[in-house]
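Here come two complexes built around chain A, the first alongside chain B, the second alongside chain C.
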Partner chain A sequence: MLEYAWMIPVFPFVAFLLISLLPKRTLSWEDGAGYAIGGAAGALVLSVLVIGDVLAGNTMVGDGPKFNWLVIANIEVTFGIWVDQLTAVMLLVVAVVGTLVVIYSGGYMHEEGAGRRRYYAEIMLFISVMYGLVISDNYLQMFIFWELVGLCSYLLIGFWYEKPSAASAAKRAFIVTRVGDIMFMAGIIILFKYVGALDFAHLFGEEGVAAVPNDMMILATALIFGGAIGKSAQFPLHEWLPDAMEGPTTVSALIHAATMVKAGVYLTARSYPLLVQAPETLLFVAAIGGVTALIAATVALVATDIKRVLAYSTISQLGYMTLALGAGGYLVVYADTAGGYSAALFHLMNHAFFKALLFLCAGSVIHAVGTNDMRLMGGLGKKMRITSLTMLVGAIAIAGVPPFSGFWSKDEVLAAVYSAGEFDSLFFLLWAMGIATAFMTAFYMFRMWFMTFAGEPRSDYHAHESPKLMTVPLMILAVLAMSSGFALFVGDGFGYFAGESVAELFGGHHHESAADILAHIFGDPLTYVSLILATMGILLAYKIYYLPGFDRSVFARGVAGKLQRALENRWYISQFYDDFAVKVVYALSLVADAFDRYVIDGMVNGFAFLGARSGGLLRRAQSGNVQRYAVIIVVGLCLLLIFMLYVAPGGRW
Partner chain B sequence: MIPIEYWLIFSSLLFCIGAYGVLTRKNAIVVLMCIEIMLNSANINLVMFSSYHSVLHGVVDPSGQVFTLFSIAIAAAEVAVGLAILLSVYRRYQTIEVDKINILRW
Partner chain C sequence: MMGDIPVLSLIILLPVIGALITFMLGRRESLAKWVALAFSAAAFVLSLVVAYEFVVDPYAVPGTEIEGYSNGYQFYESHVWIESLGINYIVGIDGISLPLFVLTTLLCMLSVIFSWDTDRRPKEYFGLMLVLEVGVLGVFVALDYFMFYVFWEIVLIPMYFMIGVWGGPNKDYAAIKFFIYTHIASLAMLLAIMAMYFEAGLGSFSMEAIAGESVGFSRGVQFAIFAAMLFGFGVKLPMVPFHTWLPDAHVEAPTAGSVLLAGLLLKMGGYGLIRVAIPSLPSGAQDMVIAMAVIAVVSIVYGAILCLAQNDLKKMVAYSSISHMGFVLLGYATLGELGVVAGVFQMFAHGLVTAVLFMMCGVVQHKCGTRLIPLLGGLAKKMPIAAALMTIGFLASLGLPGLVSFAAEFMVFAAVFFKWELWIFVPIAAVAVTAAYYLWALQRSMFGPMTDKIDTSHLKDVNWYEGIPVAVLVVLIAVFGVFPSLVFSRIGPAVEIALRAFGGG
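And then the complex of A and B:
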């Protein structure tokens, strides 16, 4: 089946073409939702077949079908497909979440009217290019799809483009991620300069790795990770993701929680053969991940917009994955185990399911209530039973309560970071940040759940449960959020499966039985630390936001008040960017204005002035006095004669 | 026969007197007269070289002298045109001083 993997993006792309080109009356149900579901489902079926093939142990790494994209002198850039275990994980995420989100859209976008056609066309284009990104076998191909997913993200964030906040959020997302994209491109160029090829088979091979000097390898990998910082909304480029919540909630669920923002993590994981050559970069990756996880989690504590809570939670969890990848690289280099790497991928998969679930639940709530503000919600649990229960499943999963999926992957991540501490003590600090994040995650998730579903309604609305078209995807995702953690124990186990894709990088790849893994997890005292912290987080949220009689105004006073205001202002990072951008851009514009005004205009005006002035002087020769002309003629003639007779007689110079 | 240098000196003197008059006199009629003097100095040269050519080579070749006649005729016509212009200039500006008539200027 692997050689047909290139056809996966074709299904949604055909759907995109049909939806955007067919006459409107032939689109029938929901302006093209049928075609969209068909395209997504086709890709899902093919993806599942491909994943089955990978599970059976087949991969296509560098030996797949290729075609020439461009030929420059003796350098050929080919496009092809690359399917390994990492690809399979991403394929699974994109296929499952993509299909469910498209089905859910059938209910959620019902009231959009004519905009639905544009919506379905763009979302199909996104799914298509996301598949393309995942199966790319070289950096250039990947970069092209990378930019295309960015474009789709821009289009879909700005879906309600008449709203100024949506239009500016779209621009912001596009521009901020572009900062990362430029770094990514610079990294690719450096690699190309030394290796002369862009396909993974060459770059990751022994010759490719050896061709790059050590310091350049650090620079190139750090720059490629820069692309991941932009796309996966890592600190300090994370502020675009909360703003991206201006788009429809389905878009947030698919693009800004489950798939596109994972592209950065995917890129980092894909570049592992290069990253392990540069432990300095790995440390940088881990540090960025840890800081991102902590900062985003703190802001989520006070956010009142239900989607923004989820957005900051997404950033925080992406930070977890990045942290695990950084620590995992150390483990691969020094401890010969892929523990961190597979933990990151495991968390990536689990997070895609439970975060898509949470977003779609939030969408269901917003659909019913008509606002994003949790302060105006409350009491929805009785009216929206399915939504409240599925969201509870999502919240439990992300909080890390066993046996739901988040517990297993989060525990793996923290264990990997802790064990990397053996090789660099910075990882102990990062582990502490991770564990603090875990506590806060449990707290803000249940804060959100209690504020939304528990208590009494705090504003006037007539909520009702969403249609089946929306609740069925919620239930499917809830089942996945509950069960995807057990992938750790199925067959050879997820850890072994994921580790296979970087198997050449280390020697000691060994099987662990399910009982071994369980004993490993529950024999580790650190597991109980995170478990107790998660429980405490949930109980604290229960006390503050559910039990009556807690005076929340204590948070608004004194030091706590200062902290709260800092958090409400997102640590002033966004504000810093705004001020910075305004000041720097204004200063730059002043310089540019002065340059234009004085240098460019000065040159133009200067030449004009010179011409006018010299003309003004020279025209005085035209005195109109005939005798003066005659004098000039006579004198000139005399000079000519003198010259010809005495200076250059006989015409010789 | 008068040596050729004398003729040349004579005609150049005549030319210089004419040129001096053209450059310095204000009255346009005098200027025209001076131009006639310059022209005649050239005519003298033509006649002189023509007669020397005949004597030195022992041939009769009057073409130089014929050209001089042409030149005198054309000079007469030119003076007629010049005087006519001066007449209308005088009617327009009530002056024929060349340094006063400078309307063709910047």
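And then the complex of A and C:
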């Protein structure tokens, strides 16, 4: 089955071509939604078959079919496919979330009218290139799809391009992620020089790894991770993601759960054979992850836009994954276990389900209410029973309440970070940040849920439950959000399965029975710390945002007020970038423009002017006076002689 | 096979005949465009035949072994022209000139189509376009310095008139500036050619023959001649600080003129460097490596920053050419096969992409009556096809993978890192600026709310004669973006030969 994996992106790509090129009347239902669902479903079926093959123990790492992309001199760049356990996890996420989002779109985008065709075409391209990204067998091919993913998110974030905010957000997303992409490209080029190839089989092999000097390995891996910082919205390049919700909510769901931002985490995980060679980079990865998780969670505490809360929570959860990958690398190097690595992938998968669920629920709410502002909502629970219940499932899952999925993976992540503390005490600090984040996550998710669904309506609207086309995907995702955590105990267990893809990097990969894993989790006191904090977060939200009589204005006063304003302004990071772009870069360009106009071109025009004037002067030199000519000839000859004899001796010229 | 037909000469001759017919149409002016289309299309089709018959591995072709550095030419023709001066008529094509040769016939044909509604002195307009085509084609296949120089100078004249007659409000200044500036550069080139001719002392202007001698010139001589050539070709490229003629010329030139200017004329500079200067004067090139690299990087970064400040869409695209042609010079400066091949490919890529950009600027000018970005906005609503084409063009130009420029840029960066390691971060930073100015321009002109500063009530989408050329180019941009090896595989062997003097590149 694996040799057909290249066909997975073909399905949505064909759908993209059909939707964008067929005459409008042949698109029939919803202007192409039929083709879109067909394309997504075809890819889903094939993905499931491929995943089944991987579960059965087959992989295709470096021995698949190849295609020569470029040959110059002795340099050869070939493209091919690579399917291992990591690919399988990503395929699952993209396939399930992608398909459900497309089905949901059938209802959500109904009122969009003529724009639907463009929407479905772009969504199909988006899903297709994401599939292409995860099955790539070399960095350059991956980079190509990587950039195309960025392009699609640009197009979809700017879907409502007449809105100035949407046009601006799309541009920001592209430029900010491109800063990361440039680092990624530089990292690739460094590896290219030393290894002479870009495919994983060569790069990750012993010879490939040995060919790169240590300092260059640190630089290259840090730069490649720089790509992930941009794409996965890690600090300090994270501010594009909250702006990116200017696109339709379905697009946000796709970006946040399955495609764009997961690409960065995937890239980091994919680069593990290189990262473990550079512990310095691993520490950097972990630190970025921890800081991101914490900072984003703080901003989510005060956000009033329902999608913005979710956006910051995505950033925060991505921080968790990055943190786990950083810590996991330490564990692979020093403790011979893939615990952190598989925890990150586990969280990636669980997060995909509950975050897609949360976003689609938010979409359902926005669809019904017509606003994103939670301050104008309230009391929706009675009118939108399915949405409110499924969203509650999502909130419980992300808050980390057992037995829902978020609990298991978050616990694994924190446990891995804590145990990495044994090898570098910085991880204890990062663990503390992670645990604080867990508390805040529980709080802001329930704050959101209470503000939206509980209490009385705070503005005038006539909400109604969304159509079946939208609620059925919600229910499916809710089931997944409840149950995907149990993957930990199925078969060999998720941890073992995911760890297989990096098994070559360390010695002792061993099975753990389900009972062992359970005993491990519940025998660890740290599990209860995070559980208690999550419960406290929920209760606090309940007290402040559900129970009547709490005076929220205390937050606006004194130090708390200052803090709140800093948070509402997203720690002024976005402001900083705006200022940098306008007051530094743009100002510099204006200076350069003036320089070009007046100095460089001024000199050109000056020469022209001199030329015209000297022409006039020279005309006077031709006086017809023979004696004067003779004098000039003699003086000239003398000067020439002096030049040849003294100034330029040796006579090379 | 077409071994016996002098096909390159035939292709050069076609636009000559076309131009003569066009000029002699008398009062039947409306036929001019048809004549121009017929002859440029015929040249294009024949050049496709050349490309098809072109043998990828030149070593396999018998009878192309020529003394000197440059065997590997195909469709080779050699006739004595002026024997007493050692001037011969020699033409031939190799992997470096082939992409540019086909690009020339393609862009000329598409420019004719794009100019379909030109009603101001159409005979002269289309005739001059064909004359221009003759000159550019000649430059790309001439293998004799005398011919090379003649064709080089032929190009200047039609372009001067295109700017000066069909140009915008400030056309006189721009046309004169273009002419004088590039003419001074031509003089430097002529001096260099004469110096090589006399220093070689063969009594022949044959490029191959002279190159056989010039590689042995003393270091000082090579340095001086190379410097003169770098100036001569560099002005055309253009390289900072000799670039200021370009924005002026573009802003005033008619759209087709800009397409040909940026798409082809700039390539003449890059072509001259790799055809003549670098292989003939290896030690001169090596002595100038740092200078070339610095100029290239400054062009890339400075050009990109200038783009950000522009309010005129077309001026922005013009400055972007400076930035992107800097990649050509940067690739050459590495003097390695990878970098030089990438530089040549970048010329081809830039030719395709920049043609789209200038055509779309022309569309905007045509429909809206202005190209000033602050006056535009929200055009995508009324001109969805134009917006889509422009977006694709901009994305291609900013180096989006899957489109043609990416392969060139990536390989140039790789070559730079191979040679200068971490200095790569200076030019690579310009990539972010490039994305910024293009997307910002798109946001302000095509997206956002519909502008109320110009009358948009009668705004229409692209006409057929505007849409088709751009669509053709967009398809090619995608095809060569996905399959760059179609071109790379032909450039490679030729560059290997050109760099032989450097010990195998």
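The rule we apply is simple: the second predicted complex is superposed on the first by the 611 of 653 C-alpha atoms of A that agree within 3 Å, B and C clash if a C-alpha of one lies under 4 Å from a C-alpha of the other, contacts with A are read in each partner's own complex, and residues count from 1 in each chain.
Please note the rule applied: contacts are C-beta pairs under 8 Å (C-beta built on N, C-alpha and C of every residue); 3 or more make two chains touch, one makes a residue touch a chain.
These figures come from a predicted structure and were not determined experimentally.
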{"item": "Touching partner for A:158 - first (chain B), second (chain C), both, neither", "value": "second"}
{"item": "Touched partner set for A:192, first chain B, second chain C, both or neither", "value": "second"}
{"item": "Which of chain B and chain C A:592 touches, first, second, both or neither", "value": "second"}
{"item": "In the superposition, chain B vs chain C on chain A residues touched", "value": "C"}
{"item": "Chain B versus chain C as contact partner of A:539, first or second or both or neither", "value": "neither"}
{"item": "Touching partner for A:167 - first (chain B), second (chain C), both, neither", "value": "second"}
{"item": "First (chain B), second (chain C), both or neither touched by A:626", "value": "first"}
{"item": "Interface residues, chain B side, partner chain A - complex", "value": "19, 22-24, 31, 98-99, 101-106"}
{"item": "Chain A residues within the chain B interface of the complex", "value": "619-620, 622-627, 630-631, 634"}
{"item": "Of chain A, residues touching chain C in the complex", "value": "68-73, 75, 140, 143-148, 151, 154, 158, 161-164, 166-168, 170-171, 174-175, 178-179, 182, 185-186, 189-190, 192-193, 581, 585-586, 588-590, 592-593, 596, 600-601, 604, 608, 652-653"}
{"item": "Chain C residues touching chain A - in the complex, by the definition given at the top", "value": "177, 180-181, 218, 220-221, 224, 240-241, 243-245, 302, 305-310, 337-338, 341-342, 378, 380-381, 395, 400-402, 406-407, 410-411, 413-414, 417-418, 424-425, 428-429, 431-433, 435-436, 439-440, 442-443, 446-450, 484-485, 488-489, 492, 496, 505"}
